[in-house]
Structures are given as C-alpha cells and as structure tokens.
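Consider the two complexes below, in which chain A is the common component and chain B and chain C are the respective partners.
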Partner chain A sequence: MIYWSIKTLFSEPMRLMVSALAVAVSFILVIFFSAVFEGESDQIVAYLKKMDTDIWVMQKGVSNMHMASSMLWDWKADKIEKLPEVKEVSAILFLNGPIKIGGKDWFAYIIGLSPKYQRGGPWDMFKGKAIPGPGEAVIPEVINRLTGVTIGDEIIMLDRPLKVVGLTRGTFSMASSVVFVSHEDLGDLVEAPDQYSYIMVNAKPGVSTQSLIKNIKNEVDKVNVLSNEDFIKSDWTLAVQMGAEILRMMTTIGTLLATLIVAFTAYSLIARKKQELAVAKALGFSNGSIYLAALCQSVVITGLGLLLSLLLSYTVIIWLPLVIPQLNLTVRLHHFIPLAIIALPVAVVASLIAANTVARVDPMTVFKG
Partner chain B sequence: MLKLIRRQLVHEPFRTLLTCIAIGSALAVILLLEGFQTGLYVQLKNVALTRGADLIVTQSGVTNFVASRSLLPQISREVVESIDGVKEAHPITSMPIIYDKPGYRKSPVFFMVYDTGGGPVVIIEGQKASKPRDIVIDKSLAVLYDLNVGDPFIVADFKFNVSGITEHASALFTAFAYISYDDMIDFFFDSDLIGDISNLPLLSFLLVEVKPGADKNTVAAAIEAAEKDADVYFPEQLSKNDVTMGQTLFGPVMGVLIGAGYIIALLVVGMIMFAAVHARLRNYGVMKALGFSNHLLIKGMVIESLVMIVLSFPLGVLLAQLAAMFIEYTVPLYMVPVLEPVVMLRTFIAALILGVIGAYLPYRSIARLDAAIVFRS
Partner chain C sequence: MTIKTILEANNLTKSFGSGTSEVHAVDNVSLKIKRGELVLIMGPSGSGKTTLLSMLGALLDPTSGNVVIDDKNISTMTNTGLAALRAKKIGFVFQAFNLLEALTVEENILFPAQLNTGGILAAKARLDKLLDRIGLTNRRHALPNTLSGGEKQRVAIARALINQPPIILADEPTGNLDSHKGQEVMMILHDIARDDGCAVLMVTHDPRVEEIADRVLWLEDGAIRDRKSEQHSWVYDPVCGMRIDEWTATISKEYKNQKYVFCSQRCLERFDDDPERYMTKSM
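This part shows the complex of A and B:
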C-alpha cells in the first residue's frame, strides 16, 4: 500500500509540486516573520556590537538603548577616564526618534558625536566624511538609495536643517537606522549640551570587566554599568520579544493553513482513487494499512513542503533585501525546528482527515461503473 | 455551463465544503494580514485624534505625535492660554520607559503624563488616576504581566499603583500608561534620575481647546506667532504624519507578507483546480468529443473557480474575524480590524483575479486531453 500511495502521489508531479509549494509558502509565512524580527533585532544591536567596547555606562535605571532615554553629566566621562584600570573612554549623546530625510520620517538612532570622542562614529563608510561637524549629518546609504538624498543634500532633525556629508554601510534598519550628527547640534535640540547618554569604557589589559564595573559603580553616582555582552543581550532580547506574541500567532495560523492544504491534497487524491482502494479492501487489505498509505502521502507532502520552505528561505528570503533594501532578514536554522516539530502532527492530522474517507469505502465500489 | 458547475458542486458536497474551507482559509490569512497592517496604522492614527484637542502644539520641527521627543518651554502653556480664542491648553508629556517585572519579559512603555486633558479615553476597569502614584495602564500590559487594579507597577524602583485599565492605548508595538505630572516629578526625584538632567522634560505637547465660535486657523496662526519655539497642527495632520511614518516603517514588511498570503491563495486555488480537472478528465473527454473547445472548457473552469471564490469569501471573512478576535483577546497590544470595507473589497477583487489565474494553471491538462479517453476503461 505504501508503494501504491507514493506512486499515486508522484503520478501527478505538477499537482504534487503545487501542493508542496502551498505548504512551503505557509511555512515561509512563519519563517519570514521570524526572519524579520531577528533581522531587525540583529540590526538594532549592530551599533553596540561594532563599538566593540568592554563596558557601557548609562543613567541609573536604564539598561537598554532601544526605545530608551539616558542622560549623564559630561564630567562623569572625565571621572571614569581617570580611573587607573581604564584604558580608553568614549561617549555619545543619543536620541531615539524620527528624522526627516527625503520628505519622509525615518525612525532612527541619532548619535551625537563630540570632537573629543569620535570612536562612537561610523564603522563602514560608503562615501564621504565619517565624522560630522556642526550642521552636518552622516546617513545610511540604504536611505540614499531609497530617497535619492545624497552628499550635499539637506535633511531635517526636528527643525534644524543638516547637510549630508557622508553615507554609511550596515547602519540601516526599519526601527533604528543610525544617523550621526554633531554633539553640538543634538545637545542643543534636546537641551542637553553638557550631557552624554552612554559612555563606552575599555579596560586596561589584565583588568577584569566585572571588577571595573564594580569600581565604576562605587566611584560614580547614579549610573548603571553593564558589560558589553549584557548590554547587547538586554537590547536584543527586548527587541526580539516585542514580536514574540505575534510570532506565536503566525506560527499557529501558518500551521493550520499547512494542515488544511496537506489534508485537502491527501483527501482529493484518495477520493479519486476510491475504486482502487475498494479493490485493495476487497483483496483483504486492512483499514490500518490504508490509514498508513494516507499517512505516507501526508508525510511526503509535508516533508516536501518543509524542504521547499528551507530551500526558498535560503534563496528567496536571503535575496529579498537586495530588491527591498528596507528589509533586514536573518534566517537561522532554529526557525525550522518548531516547524519540523509541528510538521509531523500536521501530517498525522491531515492523513486522519483523508483516511476517514478511506475507512468508509465500500469494497463493493469495485463492481460499480 | 453554469448548470453543470452547480451540479458538480452539489454532487460532492463534502468535497465542495472542504474546497470552500481551503480557499476560505487562504483568504482569511490575507484578510488577517491586511487587518494586522490596518490595525498598526489605525493605532498610530488614533493617538493624536483621541486626545480631545482642537489644535496640538509641538516643539518647532516636530511633525509627529507618537514616539517623538518634543520639548516645549514650560512658559508655553501660559503664552498659549493668553491668546485670544484659546479656551484652555492641556499639557501632555510623552516619555519612553522600559517595564521589567521579575519573572516576565521586558517591554517598552510610553508614559503619557497628563494634567487636565489628554488622559485615557476609556476606562474598562477601575478608575482614572485620582490619588498620588496612581497609574492607568493599557489592557495589553494587564494581560501580559497579570496585573489587576490595585497591583503595584514598579518602574526604576518607583512604585505606582494600578488604579485603572484602559484599552486600545498602544502604538508601534508599545503600550501606553497614564500618570499625573506630580507623579512624574516624584518619579524623577525618587528614582534619582533627576541628577543628570539639566532641564526636566516636563512639556512635550499642548492640547489646545478653542473657544466656541473661534476660527481654528486664526488661533493656530496666532499661537505660532506668539510662541516661536512651537509649531501648531490640527490633530488630523499629526495623525496623518504618524500613519505616514508607520507606512515607512512597516510598509515593506507587510507588503511582502501580504504578497506571500496572495501566493498561498493562488497556489490553493491552483491546487483545487488541478484536483478538479484530474477528477473529471473523462467528463472533459466526453465534452471534447461532443465538440466543446479548449477555450470553452477553460471558461467553465474559470467560472467554477470564481463561484468557489464567491462561496468561500464569507467563510474567509468569518474565519479571519474569529482569528482577529482571538488575537485581540489574547494579545490586546494588537488591533486587527478585518472588517474594514476597503480592505474586504480589495481582497475580494484580488481573490477573483487569483481565481481566474488559478483556473488557468491546469490549462495544459485540458489542452492535451485526448477526446478518445472516453472510450478507454
């Protein structure tokens, strides 16, 4: 019966392909959602990762950069710099909000760079100047591609026009494109000319990060101090968890749809082969073996769907950002684990629906026209 | 032809039902995704519109209400209220915080600080903030963190008490919580946050009520002339700007997702039409032997496909609405309005087009069909 089942399935390859593709696209819907949230979350921490610092110092009560606000007096950076275990300090002023580029508001991480601390600047330049002076800005080259705004053009931060002097790579994100401006401009607009938001600290060789964190907390009032790993983890988790519920919903919806597609394919195949099944029953095949045949068909369709989704995810989804540069997509193998786990029950449920029809087949059908 | 299609559909009612469920489900996914997208924009649209203002004053250059850091001079309220035609100017401050309850995940929350106006629109449980440290939270926070009226809501070691729960107070995947100005100042001082802030961000926006009979445009111009650091908007304009920002943020992702939904629907229709053609090859053979052309047979397939879409659409709407209600009940952070007439009409028209394309997918099977099949066993 299993041989019959597979043979029947592959006798109409085009139809099998369409069914498997429909299952695959249902799964891809789920994978795409995961890829968007993880891709965005990866990009949200791109700035933190690229700074490659040991320790981040921020306002007390703050432990994130994403959707957070932090203010520290500038003298705190000087005080930390003077600690004997500290090799290097850098500091930025930060604002998470919209900035008008090419007539559109882009939600951005606006980084205010002071002449003293330039380490917080861009890490990969596409074109132009990396460190903006007063009245200047450095924007992601993806925004340049999307809006046509280029070096020499004007963008608006609140009501302040700034001239674009550089384009950066690896800084675009839907929720956190990194735009670099001068500390002077940003400080003036947010009324924080003598403040920083985050201080980056590098320890001298041989100094443990944990002991330096403890020392900074002892020496400087009203600050929160986190290791680079903890700060990145905190932001990444916050960002990725913002989509956790909707991801679960999409997984449920995608799975239900896939179940229905597999069930429909298996059912319509079996319904058309009623006569052959009646012959099989008349020849003494048990309902059990026919159930197994139905299960086999469902497993093949689901398995093919899963394989196709894997294939399409690593080709089409990866390639998508080249066509739609606004998308940051990260496809990881772990996205497929819940789908692979779900795929088996999908096949079982679908085959049960189809097998229910088979169980009711009368062996006498074979004698009917 | 229509009679034949009707008979075919009635002849196998279970198959027809399963087909309707399959197509209906695929359409439900499209409607859900469309609803999800619409919900994101509706949430953004409502924030400025539901504040109850005739005009909204922002920091000069700030063109959005949601997620913008607007900072007005504190004297602005006095300046604006002294203008002819202004009945009252209600201050409001928007402040992002991260809520972190032990044992639960972290969430960003927008504190909406209000005084005499602009607070929560509806209270579904409890009451508005009336005592010190009262806070009104969105239902999504209550569900996510198992919070009830009377529970503590601790932010940066500062303890608020949940006095009420509101609904539909969220945007950009972020819930709102409403507190009073006194509590905001206490919050700044008690949690030691004040030390590093040279100027308290006390005033983000002014919600202006215009006197009856006063011309809003004239009042807006007078405010802009009197307060150089401010811009004045009609709530509708700010709301439109927020939606445009949302479209820039979510448009590409939602476009791809909805596109994937349409591909699924197309494949499902194609799969069904393949099944239908293969199940009736002998019938088509007879029809070809009787002189029916390929064109006529395909026309029949198209009509059948369209009939199936028309039959499945109400089911799709029903399934989408049930799923939307489930999502809104379990995760009230999201709004999923699937019954928007424009969205439904657009999806219906697109589904009909898909039906036509899907009906053509098994064209080769019909075109290559030999009429002699009818004489084979």
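This part shows the complex of A and C:
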C-alpha cells in the first residue's frame, strides 16, 4: 500500500508540487516572521555593536539602551577619563522617541553627539556630513529612499526643526532607526545640557575589562557598568522578549495553516482515490494499512514542503530587502529546527482527517460499474 | 473422487430498513459451489445479485444465515480475519475493471500478492505465467489508461488469480466490453474453472455465457427460483448484433419511439455517436 501511495502521489507531479508549495508557503510564513523579528532584533543592537567599545557606563538601575532612559552628569565622564586604566572615553546623550520625517513619525534612537568626543557617530556614510552641528541631523538613507527626504530637507525632532546634512547606511530599523543630532540640540530639548546618557570606555592595553568595571564602580557613584558583550546581550534579550509572544503566535498560526493545508491535500488525495481504496479493501487490505498509506502521503507532502520552504526562504530573504528596503531579515539555522520538529506531528494530525475517510470507505462500492 | 464444495451459503438473508419499509434484498438463499464449477447468477435488475455476491465475497454481513468458505464459517470472523480470507481465498473481477491508475500492468497484478504468504517475491514467478496467459507480456509496463477495455479486464483477471485463490467472484465482467472482447474474457474465466479448478461465480446479463456455464442460478426478488424458458425475449444489439434477452437486459435506450437493447455500455456509446446508422442496420 505504501508503494501505491507514493506512486499515486508522484503520478500527478503538478498536483504534488502545488500541495508541497502550499505547505512551504505556510512554513515560509513562520520563517519570515522569525527572520523579520531576528533581523529587527539584530538591528536594535547594531549601534552598540558598531561602537566597538570595551565598557558601557550608564545610570544606576539601567542595563539597556532599547526602550530605556539614562542620565549621567557630564563630570562623571571626565572622572572616568582620568582613571589610569582608561585609554579613551566618549559619551552620548540618548533619547528613544519619534522624529517626523516626510510627514511621518519614525520611532528612533536619537543620539546626541558632542564635538568633545570622537566616537558615537555614524559608522557608514552614504552621503553628506557624518557629525551634525546645531540645527542639523543625520538620518538613515533607507528613510531617504522611502520618503524622498534628502540632504537640505527639514525634519522635526519633537518640536524642533532640523536640517538633514547626512545619510547613513546600516542604521535603519522598523522599530528604531538611528538618527544623529548635536548634543546641544538634544540636551536643550530634554533640558539636560550638562548630561550624557551613556559613556563608552576603552581600556588601555593589558587592562582587563572586569577590573576596569570594578574600578569605575568604586570611583563613580550611582552608575551601572557593563562590558560591551553584556550590554549587547541585555539589549538583544529584551528585544527578543518583547517580540516573543507575537513570534509564538505567528508560529502557531503558520503551523496551523500548514496542518490545514496538508490535511486538505491528504484528504483530497484520499477522497479522489476512494474507489481505489475500496478496491484495496475488497482485495483484503486492512484499514490500518490503508491509513498508513494516507499517512505516508502526508509525510511526503510535509517533507517536500519543508524542503521547499528551506530553499525558497533563502531565495526570498536575499531578494526581498532589495524590493522592500525597510526589511531587516536574518535567517538562521535555528529557525528551521522547530519547523522540522513540528513537521511530523503536522503530517500525522493532517492525515487523521484522511484516516476518517479511509475508515468509511465501503468496499461494496467496487461493484458499482 | 468427490469434488470438494469450496463455497456454501446456508439460508442467507439480507434485509435493509425495518418495519414496514423492510426490504429483503436476498431472501433465504442456499447454494453450494464446487471447485472447477462455473456458476452464473442471473436475474432482473434489482433482484439482489450483487448483494448476494457481496455476502459470498465476505464484503457484507448477512442479516441471517451463514457463508462457509473452504470449510470455514465466516460469520464468526473478525473484520481483519475476513480481510485476510478475501486476500487468500477469493479473487474479484469487477465490471469497471477497478485497476489502480498509478500502477503498471505488472504492479496491478502483483498488488494483492503482498497480502499472501511469500509476498511479491514469491508471486513474481506466477506473474510471468499469468501475463503470458492473458497475452499481455509485452504490455507489462503499460499504465491502465493506455489499455483497451478488454486488456484492462484481462489484467483484472490476472490480479484476481495472482494469489491462486480457490474462488473467483466476477460481477458483470463483460458489462463494459463489446461482444468480441467479452467473448475473450468469458473464455479466460471458463479456462480458469476448467484448468485451474477454481470455483467461478459470475453475475451476468450476457446470455451467451449460459452455453459455457455449468449451472445458472436465477435470482428473482432476492430468492433463487426456476426460470421458465418462455421468459426469454430475444432481441439483437443494434451495434454488435449480439442476441440479448430483453427481459434481463440492463442497458437500453428509447430512440424515435423504439426501444433498443445493448449488450454493453460501449455499444450504447457507439449507438449514441450515430443512431441513424445503427437504426438502418437493425431494420
């Protein structure tokens, strides 16, 4: 019966391909949500990664940049800079807030850059000036592509108009793009002209990060000090946690969709072959062996769907950001593991509907000419 | 030497519905069929022929009475036991051929062999002989949709024989064939009874088979009765010219106020293609 089920399945390759594609689409949906989510999560920590610092200093009780607020007096940066183990210090003022660009609000990481420090600014310029002065802003080039707003145009930070002077690469995210402004403008806006949010510290060669963290904590009051790795990890975990529920929901929907598609396909295959199943029953095949054949068909369809989803995912994920620039997609192998795990139960559950049909096939129908 | 009874029905009854709407499709039928016998079940449409065949083939439970196959009373057997019994003891030949579309001639014939002792491997030697016997050796890799009706039915017969069952149950095996192909199929079934010692039980409307049958059981209103010769009403199929008993014929058509009777669906289809041609011929 299994041979019959496989041969029957492959005797209609177009139908099989359409079924496998339908399953693949539902799996791709799950992969796509994961890829978007992971891409966005990666982008959320892109700024931190690109700063390539050893240590981050922030307000006590704060351990994130994403969705966080931190305020430090400017003298704290000076104090840290004077520590003997410190090679270099840079500080930024930071605000998580909306910026109106091209008539639309974009939720952004607004980084206030002080001319006093060399680091903290854009790492990949597309066009224009990298460090904005008062009244100026540097925005992601993806926003320029989406809105048409370019160098020389005006944007609004809260209630303050700023002129775009530069476009950056690798700074766009649907959740929080990075926009650079001057420390003076941002400090004035948040009424903290003599404060910073985060201080980046680089240790002198030979100084261990952990000992410097300890020293900073001892020397400077009311600060939290994290290594670069810990700070990135903390932000990434927060970003993932925030979307985990949505992701789980989407995965469930995608899985249910895949189950429904496989069930429908397996059922329609079985329903179309009712007469042949009646013949098999009349010839002496048991319900069990016929059900096994139906299950086998479900497994093949699901397996092919999974395989197609792997192939198509990589194709789509390479191609999609070219068409939709605002998408940050990241596909990792671990996205496929849950799908591979759920594929078999999907096939089994889907074939239950077909099994019901199998059980009800009346072998007497073989006599209907 | 006594020839063994292989199939026996004792007071077999099958009723559908209940109370005032109860219908006896088969009513108290008893029969015995021996190895090597070719027995026909004939009768008007709705007389219970297929219902009787289904019960004898262990596909339908009787309301009362019992069926004994190769000395085993099947009424006490489980569904699994009945399925195993069908696989080993009964070969089925259907009017609609019922070949499996995706499988080749060879695979169709071997299909039930996986249920028999020794499986497909043991059946392969028999396969070559059967293909030779039905004259389809050179078409062993063909798919059913490339075969003619007669070829399909020969494949179905080979499939029925692959497990060497002692009983062959055939339901209108020539119903979808023209007279020439029908004749071929009949002769194969006749040889199966004579040469292989199978008991062949056949439901048919084809009166020509009577000539080669050992016995004819006349079923009417679910019961076996004597058929009176005056009940024959011989007419001729306008397409193939075959003589048909109008009284028992199942395929007919009214055309220009005249009733035409056909030996098979195929002849009816030919008639439908060009009725005028056959009307002229039949006049």
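Operating definition for what follows: the second predicted complex is superposed on the first by the 367 of 369 C-alpha atoms of A that agree within 3 Å, B and C clash if a C-alpha of one lies under 4 Å from a C-alpha of the other, contacts with A are read in each partner's own complex, and residues count from 1 in each chain.
Please note the rule applied: a contact is a pair of C-beta atoms (placed from the backbone, for glycine too) under 8 Å apart; a residue touches a chain by one contact, two chains touch by 3 or more.
Keep in mind it's a predicted model, so treat the numbers as computed, not measured.
If you put the two complexes together on chain A, you find that chain B and chain C both fit without a clash. Applying the stated contact rule after C-alpha superposition, one finds that A:T330 touches neither chain B nor chain C.
Once the two complexes are overlaid on the shared chain, A:G284 sits against chain C while remaining clear of chain B.
Applying the stated contact rule after C-alpha superposition, one finds that A:Q275 touches chain C and leaves chain B untouched.
In the superposition on chain A, A:T147 makes contact with neither chain B nor chain C. In the superposition on chain A, the chain among chain B and chain C reaching more residues of chain A is B. Centred on chain A, the angle reaching out to chain B and chain C in the chain A superposition, using CA centres, is 80 degrees in steps of 10. When both complexes are overlaid on chain A, the residue A:K104 reaches chain B alone and has no touch with chain C. By the touch criterion defined above, A:K7 reaches chain C but does not reach chain B. Superposition on the common chain A brings chain B within a closest Cα-Cα distance of 6 Å of chain C. When the two complexes are superposed on chain A, none of the residues of chain A touches both chain B and chain C. On chain B, the positions that touch chain A within their shared complex are 12, 15, 18-19, 21-22, 25-26, 29, 32, 36, 59-64, 67-69, 71, 95-96, 98, 100, 105-108, 155-157, 173-174, 191-193, 195-199, 231, 241, 244-245, 248-253, 255-257, 260-261, 263-264, 267-268, 270-272, 274-275, 278-279, 323, 327, 330-331, 333-334, 361. Within the complex formed with chain C, the residues of chain A that make contact are 1, 3-4, 7-8, 10-11, 275-276, 279-287, 363-364, 366-369. The residues of chain C lying in touch with chain A in their complex are 50, 53-54, 57, 59-60, 79-80, 83-88, 92, 94-96, 98, 100-103, 107, 111-112, 114-115, 159, 171-172, 175-176, 265. Taken in their complex, chain A has these residues touching chain B: 12, 14-15, 18-19, 21-22, 25-26, 28-29, 32-33, 36, 59-64, 66-69, 71-73, 76, 95-98, 100, 104-107, 156-160, 174-175, 190-195, 221-222, 234, 237-238, 241-246, 249, 253, 256-257, 260-261, 263-265, 267-269, 271-272, 320, 324, 326-327.
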